[in-house]
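Letters A, B, C, D, E and F name the chains as they come in the text, with residue numbers starting at 1 for each one.
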Amino acid sequence: MFLHKSILVHDVRVQNPDPVFAEKLLEQYGGATGELTAALTYLTQSYHTENAGIRDMLQDIGTEELGHLEVIALLVEQHTNKASANLRDKAYQSTLFAIRGPGPHLVDSKGLTWDARYVNEGGHTVRDLRANIAAEAGALNTYEQLIAMTTDDGTREALRHLATREVSHTHMFMEALKTLNGLDQPMFGDLKPDDTVNLYFNMSSGPGADERGPWNREPAFQYIADPLQHEMQTSKGRAGNEMAPAEPHLDRSRASSR
Amino acid sequence: MFLHKSILVHDVRVQNPDPVFAEKLLEQYGGATGELTAALTYLTQSYHTENAGIRDMLQDIGTEELGHLEVIALLVEQHTNKASANLRDKAYQSTLFAIRGPGPHLVDSKGLTWDARYVNEGGHTVRDLRANIAAEAGALNTYEQLIAMTTDDGTREALRHLATREVSHTHMFMEALKTLNGLDQPMFGDLKPDDTVNLYFNMSSGPGADERGPWNREPAFQYIADPLQHEMQTSKGRAGNEMAPAEPHLDRSRASSR
Amino acid sequence: MFLHKSILVHDVRVQNPDPVFAEKLLEQYGGATGELTAALTYLTQSYHTENAGIRDMLQDIGTEELGHLEVIALLVEQHTNKASANLRDKAYQSTLFAIRGPGPHLVDSKGLTWDARYVNEGGHTVRDLRANIAAEAGALNTYEQLIAMTTDDGTREALRHLATREVSHTHMFMEALKTLNGLDQPMFGDLKPDDTVNLYFNMSSGPGADERGPWNREPAFQYIADPLQHEMQTSKGRAGNEMAPAEPHLDRSRASSR
Amino acid sequence: MFLHKSILVHDVRVQNPDPVFAEKLLEQYGGATGELTAALTYLTQSYHTENAGIRDMLQDIGTEELGHLEVIALLVEQHTNKASANLRDKAYQSTLFAIRGPGPHLVDSKGLTWDARYVNEGGHTVRDLRANIAAEAGALNTYEQLIAMTTDDGTREALRHLATREVSHTHMFMEALKTLNGLDQPMFGDLKPDDTVNLYFNMSSGPGADERGPWNREPAFQYIADPLQHEMQTSKGRAGNEMAPAEPHLDRSRASSR
Amino acid sequence: MFLHKSILVHDVRVQNPDPVFAEKLLEQYGGATGELTAALTYLTQSYHTENAGIRDMLQDIGTEELGHLEVIALLVEQHTNKASANLRDKAYQSTLFAIRGPGPHLVDSKGLTWDARYVNEGGHTVRDLRANIAAEAGALNTYEQLIAMTTDDGTREALRHLATREVSHTHMFMEALKTLNGLDQPMFGDLKPDDTVNLYFNMSSGPGADERGPWNREPAFQYIADPLQHEMQTSKGRAGNEMAPAEPHLDRSRASSR
Amino acid sequence: MFLHKSILVHDVRVQNPDPVFAEKLLEQYGGATGELTAALTYLTQSYHTENAGIRDMLQDIGTEELGHLEVIALLVEQHTNKASANLRDKAYQSTLFAIRGPGPHLVDSKGLTWDARYVNEGGHTVRDLRANIAAEAGALNTYEQLIAMTTDDGTREALRHLATREVSHTHMFMEALKTLNGLDQPMFGDLKPDDTVNLYFNMSSGPGADERGPWNREPAFQYIADPLQHEMQTSKGRAGNEMAPAEPHLDRSRASSR
């Protein structure tokens, strides 16, 4: 059961309403990196998480994000409400609020509707927590851009709080992931990897495209400089017919006209 | 520039074609966790990445994923092509291939079209790499489920290879993230967090909903057992009027009938 | 601010888990007529509603719907969780849970992701309340179908409660709409209708297609049996050139090849 | 069978072409509240409506809406066609017409494609008619905003006609709904409501969030001021264990690492 | 203006209702290759077409397609209506009609909503007509598959008629395209092609991937067997620095941490 | 297997970065007519094409389009990268890059995400090739508009090359289609057309709406001036009851309240 309290998680005090900025703020109401994505992702995940502690954490954070969504909503409302009184206002007319009314709408800053394709969840808690760290990173990045785009102090303070909490949540997810050994160990689940697990394939080559770094260096990785050559040798050793893989999709049994 | 070679990154040898399983395989061709998501995410990211090493890594891996997409495509083709010869086949008729033709289509296992909302990228390399670790986790999880659902050895071998490479890529992304201090440090970018950064808000309470763990324990976190109480006290100290935050969205200037 | 309590708005006690039915239940988790549509519609509306009483009602009901969403979530979880233990279970394998894991996902019963295009809101409270009555009607209708499709008593009881509440909410919205004179008066807003406002155009004609009823009968309506004839006469009187309306979209100034 | 006649349902005479306004007009061509939504909703509904009179009404109105779609199309064409002759025109260049060509496109004012998720229909005529009243309210609201945004008399006259007809259709749908007892009676269909049907749950509380009105007042409604308390008492009387509802989603049978 | 007549363009007489087949038929109601795509594409195109003859043709065919949409609608209705009387019918329950009601819905055979992304139009009549020939080819192909999947004679006859008309329309579009010199001449519009216009780049190479045919044979085409080599030589001659193209996206001016 | 080479298929040298133009360029990165649509369409088609020559051609061209996508990506990067250094730049702030970061994103010029609904493929090679000719026409048309909108020489040269290649590909597809007899013959596949195949129905009539041309002229076509009359006579001769087709969707077996 959810309850709503008429106390905001942070003050919303817009001094200089700006409907054009409000349109950009929609990115965090109905956009990919917004609070709705966060809230629905964590709550949905919680319903299949068996670990009681992590389930509770997901519901704590998911519920907090609903309160963040409300803060964004009221920021948008304050940036558009007064402006809407003057329907001939040029800036207001240039925004989607002129047609759709003041206040928030479930779209991003370009008018694209929120869609659950933004939600990454399911099947395994390690996967869910990694998804959450990624989601928070997107949210934090967007908040940074938005803060840079407004000079209204009330707006900046509110956004700074929301951005701060993304950092807090990231920290929590990282701690939880550590308990599952998932923060710095690539593997999870039951897969038995094959013998290519430590190979790095240099698929992109040419000037400026053969860089080396910890992500492709020995001893963690074996660098395959010429993957085509490697694959031809491997398949030869394996099957005696290195070209076979290229052709089995041919089937002449269908109608000849095709 | 891209080149295509008629050598597959892994053998595709389906012994027992099964169009119903092929429909499920579409999850990795045109689904959220599929190879197309991976390829387009990494390549798109590479075009704004300034770090030359990481940019090259993204292009190496993104290009490899295009080869994985091809492996899925040929698996689907082999699972549907022969079946399609017998249009009255019951199992084949139950799949979308009966109407749309054999071979892969850019949809997931339920027929939903691939959409770029699946792609998480932009603005900062730490954000991109975290997104990639999440993407790989989804892919790995899906591959595990798919492997469990088929008994065809050729299919299982190919899927095992693709799943293995998701582990490899996760490893690479983790190593790259370490060089940016982003694997286990929550913060990145220029934000100055406010003083709530270490608070844990217990927004979900009641029996079985007040669990404690490393994600909300001192000294890393300060646990706020009653966030409503906390917020009321905080706002009182701050502004002398604790209820203010709940109301500023009221604007009586619009038509009274609304 | 939202709070979550570990008390459900209704018991969730599934006796006979049925993953195939769970897939249908997703219609009310991530489908067009589901609880998420209701919750997000009412909460979003509340942020632009100036009438304090109606705003509060929208937040009361919107918050209740979040609790309903949770009930659906747990129903889906219980219908899929045990089934998922046996990955070779035929029925389970036929559902999307086999690939995406047990528990709810933000899609409808056919796997289509939830999208904010389902949300109807903005600009005027009469419009919002009419939208809500329509939304509740869809939800009620879906619940009736779902109840008819399961014999599990625990599931039926929970769904009956959720359906009942849709009736309750409809009642509330109707009462609120009455206070704005919007329940049985077609007009709202500032439009000055033109003189066609009481005309009924019989655009569909022929045997069985010229029915009469209160919706096209005098004195409320004037029935125009032959709208083409009517339009030709009207435009003649008006402009002296009855055919003009058909052609003004011709503009020969672009390239002749087009 | 449909026939098309080269007579418009209303004159289209644009004196001052304005491609920026034309882009906004797309809201009624390919947008949520537009004529396409109306036409396809009513026609689709008619194909499952058994009541002969209402079916005919839906086809009459649905067909009229196709004629309205055409009026919007020609308005857009006239606002963009001449402008397109001067490709260097700044205002024209800022619109989507510069890339996609003059004339209407099946998108809304922000370039989002029309999608059938906008269509609310199915299962019951009461549900359909309520959906239609909601659809017309959205359309009327959008037309009002559009009329306020242009000073071109020809455009305003045409839009006023289309808006007027939305009022007319609303009136018709209301009359039809009365014949099914659906305009002011919340219930329809076969549901047996449970004993909560008249309860109003005050889920949102705190200063300014406990308003009373006809929608939550006795005798029609019983006001539950503290729903959490109410639910705990209710579940206690019912099962002897008030906390049970919070936990049944726990299933420890899956892998412990999850 | 559109008129509707209660005469169908073809008899609809289903003898053996089959809701599972009806679900597949939705492909032509709300699917990519369906009648709605055709109708809306041609009508939308007509509103920007300046050639009076072709504009009229588009409106003739677009209007005919609306009548086809109706035929599909009634086929679906007849295949589902009687079945719906028995809600416990297993086959009916497996379809989306069980939840959404009998009759057509604006989705494809997998439940994906129709979206205007299916519509290809704009900017030039040659482009539009080519799009239409492609659209008709998809429709024809789908009809063929559907006819192969049913044994109901009434259904087959109706589908055969609709498929036939796709051939007719293709013929008409081809004739119209000939008048614009667009059927077999690749070029249209104002582009001045560069000197690569006749080159064929052999981007895919290896065993079984270097086929020759009229599409890459002299004298129409010059076959570039090794495009990488070709590009390196070309860029060398042009700028004195063949590697430059790979790097200009580097800009070190942003924060070094990225 | 795909390989990536750090050589571009065409120089990318932007002299005057313009983020507003870059936003328009996204139309060819993640838009309907863009390079991603082309690449994924041709590659996906290749996996079900049995004709070895055409399959290879599809892979040659599909791979080339991946290289074109890269050229668009780098154009967007160069147009936005430097601009992004000055976050207060007004023009930059008006674009989606301000929030989402410099470089390309998988959306069109209006911010709509790329979706596989743009891809037309499946079932028959004639259908695929016709789809491709249509896709190329859209791409060419968009390039022409984009070239007209910029004065940057480096950008114009690169776009001219990409546009040129669309002409080249069109030429190749036409040649391939000729080998299947599909360029100027409407029919393909196994359909036995009914006797309406040569009829032209004049569904749109009235002043200016009865044009004649090669697409409706004898001897290729028989012109039916009054299709309603024609249909009534046809159905009379056929069944003795000309009105039957209008009614069979009536089924009174469902609940009378509907």
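Here is the rule we use: a contact is a pair of C-beta atoms (placed from the backbone, for glycine too) under 8 Å apart; a residue touches a chain by one contact, two chains touch by 3 or more.
In UniProt terms, the chains line up like this: A, B, C, D, E, F = Catalase.
Only a predicted model underlies this, so the values are computations on that prediction, with no experimental measurement involved.
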Required minimum of steps from subunit A (Catalase) to subunit C (Catalase), each step between chains that touch: 1
Same-interface partner of D-F, chosen from the options A-F, A-C or D-E, over half of the pairs matching: A-F
Angle, in degrees to the nearest 5, of the Cα rotation that carries subunit B (Catalase) onto subunit C (Catalase): 120
Shared interface numbering between subunit E (Catalase) and subunit B (Catalase) [over half = same, under half = different]: different
Comparison of A-D and D-E (more C-beta pairs in contact): D-E
Subunit B (Catalase) and subunit F (Catalase): spacing of chain centres that average the CA atoms, whole Å: 29
Centre-of-Cα separation between subunit F (Catalase) and subunit E (Catalase), whole angstrom: 8
Distance between the centres, which are taken as Cα means, of subunit F (Catalase) and subunit C (Catalase), whole angstrom: 32
Multi-partner residues of subunit A (Catalase) (at least 2 other chains): 1-9, 47, 52, 59-60, 62-63, 67, 73-74, 77, 81, 100-102, 107, 110-113, 115, 117, 122-124, 126, 141-142, 145, 188-190, 203-204, 206-209, 227-228, 231, 243, 246-247, 249, 251, 254
Subunit C (Catalase) partner contacts - residues on subunit A (Catalase) that touch it in the complex: 1-5, 7-9, 30, 36, 40, 43-44, 47-48, 59-60, 62-63, 66-67, 70, 73-74, 76-77, 81, 100-107, 113-117, 119, 121-124
Subunit E (Catalase) residues within the subunit C (Catalase) interface of the complex: 1-7, 47, 49-52, 87, 93, 96, 98-101, 107, 110-113, 124-126, 180, 188, 190
Interface residues, subunit F (Catalase) side, partner subunit D (Catalase) - complex: 24, 27, 108-112, 141-142, 145-146, 148-149, 203-209, 227-228, 231, 249-252, 254-255, 257-258
In the complex with subunit C (Catalase), residue positions of subunit D (Catalase) that touch it: 5-14, 32, 52-57, 59-61, 63-64, 67, 74, 77-78, 81-82, 84-85, 102, 115, 117-118, 120, 122-124, 126-127, 130-131, 133-135, 137-138, 140-145, 147, 160-161, 163-165, 167-168, 170-176, 178-179, 183-184, 186-194, 196-204, 208-216, 220-221, 227-228, 231-232, 235, 238-239, 242-249, 251, 253-254
